[in-house]
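The structures considered in this document are given below.
Here chain A shows up in two complexes: once beside chain B, once beside chain C.
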Partner chain A sequence: MAQSKLKILILDDEPIVCKRLKPSLEKQGFEVDTFNRSFEALQAVQNTKYDIIITDLKMEGMDGMRFLQEAKKIHPDSEVIVITGFATMETAKESFKKGVFDFIAKPFNLSEIQRVVMRVEAKIRGTQG
Partner chain B sequence: MFTGLQNLWHRLFKPPQQLVAFPEVFERFQDLLHDHQKIMEIIADLGEKSGGDYVFDRKYLLDTVNELHSLLLRLVKGLNLISGNRYVELYAALDRILLPLEAELRGRLSLTEEMPYVVGLKEAPLDLPELVGGKAGVLMEISQRLHVPVPDGFVVTTRAYRRFLDHNQVEGRIHSLLASWISEKLDTMQVSRQIQYAVLAGVMPQEVAREIRREAQAQPFWAVRSSAFGEDGELSFAGLHESILQVPATGLLEAVKKVWASLYSPGALSYRRQVGLLGEEAAMAVLCQEVVASRASGVVHSLDLEAPESDGLVVYAHPGLGRTVMEGRANLDRFLVERRQPFPIRTKNIAVKESYRRVAPGGGEEEVSVDPEEQERPALAEEDIQTLARWSRTLERYFKRPQETEWALDEKGRIWILQSRRLTPPQPSEAPDICESCSAYPVLIKDQGAVAHAGVGAGPVFVVSSDQDLGRFPEGAVLVTRYTAPWLAPVVPKAVAMVAERGSPAGHLATIAREFRVPTLVGVENAVALLPAGGDITVDTHNRLIYQGRVAELLRYELIQSTAFEDAPEFRLLRRLLKRIAPLNLTDPQDSNFTPEGCRSVHDVIRFVHEKAVQELMDLPRFLKRFKEARVCTLISEVPIGLKIWDLGGGIDPQARGTQITVAQIRSLPLQAIWAGVTLPGVWSTEPVAVDFKGLMASLTRTLGDGMSAPDYLGINLAVVTETYLNLHLKLGYHYNLIDVRMDPDPHHNHIYFRFVGGVTDLTRRSRRARLLADVLSRYHFKVDIKGDLVLARILHLPQEEMRRRLIALGQLIGFTRQLDMQLKSDEDVGHFLEVFVQRLEPAGDPQSPQGGKDGTEQVENPHPGR
Partner chain C sequence: MRILFAGDEHPYSAFALKELTRLAMNTWADVTLLGVQAAGASPGPVAPALNLALNRYRETFLNSWEGEDSPYAMSNWQYEWSPVKENLWEERLVCKSGKKCFQVRLRTGNPAAAILNEAREDGSDLIILGCTRGTECLWAGASGVPQKVAADADCSVLLVKEDQPISRILACLDQTYISQESLEILNQMVTMHQAELEVIGVNPEGGLKKEVYTRLIEIGDYYQDRGIKINTRIIEIADLESLIAAEGQQDLLALWMGKKSILSRFFPRDWVGRLVARGQTSVLVMR
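Our next item is the complex of A and B:
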């Protein structure tokens, strides 16, 4: 492939979310790493630059909000997609007035997230090119 | 959550109150319809989520069940308010249905008193994995759903296990021993020995022993295997629990206890601790099967582990009994077979067999040596190899992962499947780039349609456009169709994937696709034209792509994913919840089972509540009392049935004065539409006798007026209306016709319920008429149930114009049925009259769409997932 692959990090403490998203995004041509614990994800972010971060908000230990702040400190231009429960959607939007590319409410279907990721990709490729 | 239900029950159960005024009843009824609708949407939504296209977590399931719970409480309360508390038993029904749901969500076994101790493999219900355990569950799916033969037998259920523990009072002891183990006061061996001793020393309760002995008589020897709850899911307990072969019938009770005790073997205990299952309830069912005195036996690997990318499967075979095969001691024939129809054999490696084991004449096994000239004879004939190859692929397709399947060939030449489990292929060290591999294949269709069941499947395109095509549908083809009609159902299990031009993920085809786990896209425009008949295609619903050709890399990529979504705990849980939510068992209000006690699912409860609420609304003696305060008009029309209209707001012209109104003054949209149909010229006369509708009406009313034993409320025809609502109650002659319609601008609120019963002639003719009605209604895509002469039909969620079209047809149907039962003299007449009627309907009907719906509409009703 002409362009190098974009790297995606997925963080959700529900393994099912990672298991479902990874193959679908790999087939779209991304390199995908998944994590169920935020501190492990944070370690990964310290070693690798991810172009796109997809994370849940409510998690045991460090929650998604803290994780995002830390990750953004390390790589400010990583694009972020937040997945969150339908009920907490408004609060989530409120808390991240900026710095988040888009929000997706759970449950979501695969094509929904594929579309958002394609939009992020277009944005990243656009700014790079 | 459930505390307080009892209080509520008592609070509500006061002496029958005075009649609630109709406007209030109507208001409650509207609320009730709204909640009913909401619950129907949740049921459809859950069904759709079970198709694998959505990503959801356990929290979603918890929230949804909670929401269902509050809606149901409100619904039941609403009905009791309308009816003066005549249905308080519904609260008990709610408990009965909701408590197990809660138990499921908490991961608890919910076994009830009605569940059997022992159940036959062929009869056992597929929807109770907690009762029969994992291994038996898999075999039941193989035999009952996939129709691949497994040796007959029975299951000693987890309920029997529970009963055994209770009877011997060992549960407490098990718990305290496990506690000592966790706190490391005892080591694994000590705990295991003590628990196993307690179980083995237990006495089998009489009622359980009796049932086992009764079943045991069928055979002299049995194969006895563990079937633990939770086994064969994502977790593999392979080899940790006991299996005992060649058990004499008289030794079954002891063997069952041994298998139960193996739940606490050192290995099983350590494994459960390791995977965090110790806190969960352990329960063991025991599978007892006929012993196949096998002439040959072996295993099939649905994927060649030595060369996963070569698209081959491997059949291993050896003469005699299977134990030597499984223990790896035998020299095996190895047949490498193409993974595709017609399963040609690529290579045969025939082993030299010096001896084999067989069943000894007096029971037990014996070793037999093979004559030198026989030693290189293949253990299996070619056609048997192909049969096994086909089954192996069927199993893989259904279970979604490569399968290792044990088989046996008996003395009569029949092949049996003994077990099937997941085969884990080695992970390729250097995984090829899946995106790049796929991009080498031309894409035929992209981003079209909706996912009914998720997955990847490849095969030749076979277009089905009529039921004549069904018989020719080849195993392993991709079903491509314009419609999503129920008559497609028989070929669904044979399909590797399905693509339909119409339909929705909440429709019938989607439900069947989920039951058989067939990857399915619906609503793919032009699929029939775009997909080459006979050519290979690959359907990938995850990315909504259809490729030309077999994308072998993608098929392999799917197979080696860690878990098929169908096996993820969330999906398994959802399917178990759905079994208690979605099936509709109460279809016929005339059935003696149509009671609060008869409700077995959430769907049953809302069906019951809805029916009773409508009845309440239509209960004429009450209605007449309620009438007193209402303003009721009589409709003046060329169709002289004296229709009384009760307007609850916006249903008739506000300028109308007096007690009579004209057709032009009707403002109620549904009544306008129906009346347009009733008064259409020329639809009433049916061959061979042209009958003038007015005359017919008059003659019938006259006849009935002459004192024939007419039912009650004769001649009272009522319409309760608002601008968008109609509840029409017709008693014309002996027919009893009830139509309830909501016709909002928002299609989601809309429904037509149609009920028709009774008639002047004998039951046979009335049934004939019922079938005719059903045929006509089906052409309008109603979901129709008939029982005897009762016709129940409904359709949901159509836009106003579509509703109108159907209401006009119903109007025509009302007139048409007036005389039918007198004229339908033979079954052939049904077809004839259908023709006549449909011809007459043409201006309003849709002659071009035989089954599927030209408009692509499909009802969001009756999801029935995975029944």
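Our next item is the complex of A and C:
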């Protein structure tokens, strides 16, 4: 039986990041929505359950750390991957404390994020049995 | 982010390792330590001096984290097939790092080619290596290795010449395309050093080029949106070499040398090496 497509939300205030990631993840068989503003992304999370959330940290308005916290409150089993261009040891540690699946500093190759997303998928599919 | 650290047994490699460690502590990048030796240099797999240096770098790097904070903690035990001799394999229990990849590798042959091949095959985003001060830029006793790596790598390259705190980053740009990856590497360096950022527009032909000015405004807006203050100025391309030679001891010189960069179009290929050699301290070549 065909498995249903996993849904991915990408939040990054730099449109070029979303533009790069969306087609490559869609090609891998995921359903992908992208957002450049955290408030709009949070509205989407309230209406839709995303299996995987990929979020930047440094953004105007609600930052990525707060966004992932809010998103996890709504859907605790959504898996979160943090991507950041301004990485610090504190943000890395805090991200893992908040239960993110992985922390990836920019720049990254598409293959790097694809590999991480595949690991998340394996975890989710395994959990779902 | 994937970082390739190329280390030999000389002191500047230890300085470069410090930069690698600081960057890895912030970014939790996947890291490869690479040693290079001449083919047939040792009857064993690694010459003793290089082996000692790589062991020291590995231990220094892995011991920089406290307890469970390390994303590189060796916690992932698994069986893997290893070659014993031709047509014979053996299953061995190996331990790998947990959250992020950490590996030590050895290549033989021409040093610059070995480093470039490793970076290409491993998909590195940044190469870090040390070299001697001054214009000679020796690596593993050979001249021209850092220059060739800086000139020919597909990714960004950080050359560390000495152990100096960085308080200012001088980033030289021209009017052409700036890759997202180069901005991201620059941002990580600014964050790591908590450094002041000065973006210098390089004017290629004399007079004020509108495109250079426009690029500087775009860069200024980019950083303003992220709450980061930067200084900007414009210089003539003829003055670039003297600016590089006059940089301060606590400056990191960052050069945009992407495929579409006018700096690399205007200057012949060996100019990248020449600019790198002229740099007093560390030099970041951004792609």
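In this text, the second predicted complex is superposed on the first by the 120 of 129 C-alpha atoms of A that agree within 3 Å, B and C clash if a C-alpha of one lies under 4 Å from a C-alpha of the other, contacts with A are read in each partner's own complex, and residues count from 1 in each chain.
The rule is short, and it goes like this: a contact is a pair of C-beta atoms (placed from the backbone, for glycine too) under 8 Å apart; a residue touches a chain by one contact, two chains touch by 3 or more.
This one's a predicted model, so the numbers in the text were calculated from it and none came from an experiment.
Undergrad: Should the superposition on chain A be reported as showing a clash between chain B and chain C, or a fit?
TA: Clash - chain B and chain C, as placed by superposing on chain A, overlap.
Undergrad: Tell me the contact category for A:68 with respect to chain B and chain C: first, second, both or neither.
TA: neither
Undergrad: Look at A:17 in the shared chain and tell me whether it touches chain B only, chain C only, both, or neither; answer first, second, both or neither.
TA: Once the two structures are laid over each other on A, A:17 reaches both partners.
Undergrad: For A:32, decide between first (touching chain B), second (touching chain C), both and neither.
TA: Neither: A:32 stays clear of chain B and chain C.
Undergrad: Which partner chains sit in contact with A:60 here, chain B, chain C, both or neither? Use first/second/both/neither.
TA: second
Undergrad: Quick check for you: in the superposed arrangement, does A:8 touch first (chain B), second (chain C), both or neither?
TA: In the superposition, A:8 contacts neither chain B nor chain C.
Undergrad: Tell me which partner A:41 touches in the superposition: chain B (first), chain C (second), both or neither.
TA: neither
Undergrad: Applying the touch criterion given at the start, work out whether A:103 contacts chain B, chain C, both or neither, answering first, second, both or neither.
TA: The second partner, chain C, only.
Undergrad: In the superposed arrangement, which partner chain does A:85 touch: chain B (first), chain C (second), both, or neither?
TA: After superposition on chain A, A:85 lies in contact with both partners, chain B and chain C.
Undergrad: Looking at the overlay, does A:93 come into contact with chain B only (first), chain C only (second), both, or neither?
TA: second
Undergrad: Chain C clashes with which stretch of chain B: 544-552, 670-678 or 742-750?
TA: Answer for the clashing stretch of chain B: 742-750.
Undergrad: Starting from the residues of chain A touching chain B, keep only those that also touch chain C in the other complex, and list them.
TA: 14, 16-17, 85, 87, 106-109, 111
Undergrad: Once bound in the complex, which stretches of chain A touch chain C?
TA: So the residues of chain A touching chain C come out as 13-14, 16-17, 58, 60, 85-89, 92-93, 102-109, 111-112.
Undergrad: Name, in rising order, each residue of chain A that touches chain B in their complex.
TA: Contact set of chain A toward chain B: 1, 14, 16-17, 19-21, 23-24, 26-30, 85, 87, 106-111, 113-114.
Undergrad: Quick check on the complex: what are the chain B residues that touch chain A?
TA: 49, 53-60, 63, 434-436, 438, 447, 451, 454, 540, 542-544, 554, 557-558, 561-563, 565, 568-570
Undergrad: In their complex, what parts of chain C are in touch with chain A?
TA: Chain C reaches chain A through residues 1-2, 25-30, 69, 71, 99, 123, 125, 180-181, 183-185, 187-188, 190-191, 225-226.
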